[in-house]
Amino acid sequence: MMRLYDYVLSPSCYKVRLMAALAGVSLELRPVDFHPGAEHRGPELLSLNPAGSLPILVDGDLVLTESSAILVYLAGKAASQWLGRASPVDAAREQQWLSFSSRLTTSLGSARLHEMLLRPGDIGALQAAGIAALRELEAGLVEQRLQGRAFLVANAPTVADIACFPYVALAPDGGISLDPYPAIRLWSRALRALPGFIEMPGIHRLHELKPEPLLEPGVV
Amino acid sequence: MTDDTASAQAMTDEWYPVGLISQLDKTGRQTALMGEPIVVAHDADGQALVTGHNGRRLPVKLRYGHVWSSLGTPKKDIFAIPEADQPGRRFVDVGVVRVRCSPLRAVENFLDIAHFPFVHTDVLGAEPHTEVLNYTAEIRPDVDEVWATEVKFYQPQASKSASGGITTEYMYRVPAPTCSVLYKTCPPRPTEWDVITLFVQPLAEDLCDVWPWMALFDDETAMTDLIHFQQMIFLQDRSILENQVPRLLPLDPGMEIPTRADLTSIAYRRWLKRHNYTYGAQLVAR
Amino acid sequence: MRSDTTGFWTPVALSADVLAGTVIPARVSAGIIALWRSQSGHVAASADRCPHRGMSLSHGFVRGEALSCIYHGWSYGQDGRCVRIPAHPGLTPPETIRVTTYAVRESDGIVWVAEGTPASDPPSLAGWIPLRTLTVEADREAIETAAGASASADGLLETTRADERLCLLLSPSQQVRTGMQTVTHVLVADGCLPPVRIAASRSAERLRRMAETAAEKGRLP
């Protein structure tokens, strides 16, 4: 089984957990004490990934770092429909948004770590960069919708959507409102309603997907 | 913000968590306590040192994995948690999480079980098991603490070590205005209680650092798993706490509508009012 | 907005952006409200605060014909009355538990919320169709300057300043934490094709940049 070096509050690790859940791949989770223990900067983890970042995926002899690469690997192995390879345009768009997703990490992600786990940073600059990235994503999604596509590459989700979704959904953790972005809201909801979707802390269950339970006293 | 000095004074003389003992260093943690910038460090001899405005030395105590301090002159010791001295327990420093909310709202949320099915879905609660059965909540005059007992709730995954759903029994205790201790069914030892605490450091009236801490009977689960489980639970609460209006805890009974399920919260608010513990509270509707 | 003595309509969202069975936050003069569409398609608006513990209702969820709070699942009907308290399944919530509601109208693809009691209907947008909603970090005046045109009493403004022919439907500008903000609905001529719509969306972004740059300069001493 593939082993994921994982931190429960990391949106980048969540990308991998989410992709695996949607693709039906089982992962062995190896929890890393990122906070407060800083285990990702300890000798064992640094020998696997000198960059000191999470996630790390180990599959036999293969060691992969960088969440976008791991998403491509999982999809390629188990769910190739998640790769936007139908045309050169799709392949290029997918790459574009995978690259873009790292800007979400450095802006929205860093704002979140600052506001929530007290990591250093210029919060004003991080939030401004986050808002610029959200506006870019919103514009891209509007154009996709105008062409009849609900997701970033096509009318079906790809690894690009999974790469962008977590930091966007958790932007409010870093003090950045999602209220001004209707297209992002629709896209986010479409992803959250996918069969097999799993949450992470900060992303609530879509309770409306479940019917109202018949409540009777004493069912406890 | 309230500038009511009497209320500020009542809470000034209390102890608050300001850092983890395990993370004390020479550089120090630059933080704040009730609006005053403070530094939490250790000196050349390894002694914990908390410094306030203009370099004034603040009182220091080391207890329950954390460094505690106060801006005033505490009249009593930090509240006792006898279980912290019980052999066989594992102590878990969960680490800090900052929340843009009143420290009192953070504590009140910790005392609430009715939100479990909606906020901690499939972990601490799940529909249709939403009913809150009758329980007892009181201000105990002998110890001057808020207590809730015989609290029962169905939980799909009550703890990291739990496999499958169980009806969990809880007791809640509020021994200090921004601290709460939860006693919870301990699956490996039915005669004991697991202890889960929420220690809240008030940075400002609408901003706090939350330090969860646990003393558990669990020899099986890896420490990191225990930390992650509790961080997961608290981070599910954080987005709720940052979206309550008003940010300050309303003590005016007309502002919010409690039901029988909120008896602990009612007792907590009454106790806060009685003691003038109103830093982070809103007394009249604004 | 045209403000008669009794009230006015504020355009808060595109109909297409409020899916059945969802709730979104929307901005009116009084602040944020919860705008939701029931499963059967009925749009309703209420105060964005659950009276139980003050949680924002726009973070909640919609099941059937009721809006529920994400915190404890308290549910409210379109008339604002609390219909369900999950912690007490046997209890019929007392009539006194309710949220303030607002009158809502849907016309020409826009959701309008009444502030006060408007004497007339929302303005007609005949000939235009809604494209998207943009939040502009600038006041109405800066947008008018950027567009080179003035808005009508209904908040409508037609411009070709950024190449494409656009109609902007401006909500009243509001003071927020970061400065002035104007929720702007972008409309295009009915019947235009996707490439024109995409160009119009880009033109609207360009106008926003121009308005925000102008507002930024205006803020400098």
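Observations on the structure shown:
Chains here go by letter, A, B and C, matching the order in which they are written, and residues are numbered from 1 within each.
Simple rule for what comes next: a contact is a pair of C-beta atoms (placed from the backbone, for glycine too) under 8 Å apart; a residue touches a chain by one contact, two chains touch by 3 or more.
These numbers come from a predicted model, not from an experiment.
The pair of chains sharing the greatest count of C-beta contacts is A-B. When chain centres are taken as C-alpha averages, the shortest distance to the whole-protein C-alpha average belongs to A.
Each chain gets a centre from the mean of its Cα atoms; the one farthest from the centre of chain B is C. Chain geometry summary: the mean Cα position of chain B and that of chain C are 38 Å apart. Here the spacing of chain A and chain B, counted between their Cα centres, is 30 Å.
Centroids of chain A and chain C (each the mean of its C-alpha atoms) stand 29 Å apart. The residues of chain C that reach two or more other chains are 59, 70, 73, 86, 89, listed in rising order. Each of the following residues of chain A touches two or more other chains: 204, 207, 215, 217, 219. Residues of chain B in contact with two or more other chains: 118-119, 127, 130-131, 239. Chain contact summary for the complex, chain A toward chain B: residues 7-9, 31-33, 35-37, 39, 115-118, 172-173, 175, 201-202, 204-205, 207, 210, 213-215, 217-220.
The part of chain A that touches chain C in the complex is made up of residues 135, 139, 142-143, 146-147, 179-180, 182-183, 185-186, 189, 204, 206-208, 211-212, 215-217, 219.
Those residues of chain B whose C-beta lies close enough to touch chain C in the complex are 114-115, 117-119, 127, 130-132, 239-240, 243-246, 250, 255-261.
Partner chain A is touched in their complex by these residues of chain B: 20, 22-23, 93-98, 100, 118-119, 121-122, 127-131, 133, 152-154, 167, 209, 222-225, 227-228, 231-236, 238-239, 242.
Residues 13-14, 17, 19, 21-22, 24-25, 27, 32, 59, 61-64, 68, 70, 73, 84, 86, 89-90, 131-135, 194, 197-198, 201-202, 205 of chain C touch chain A in their complex.
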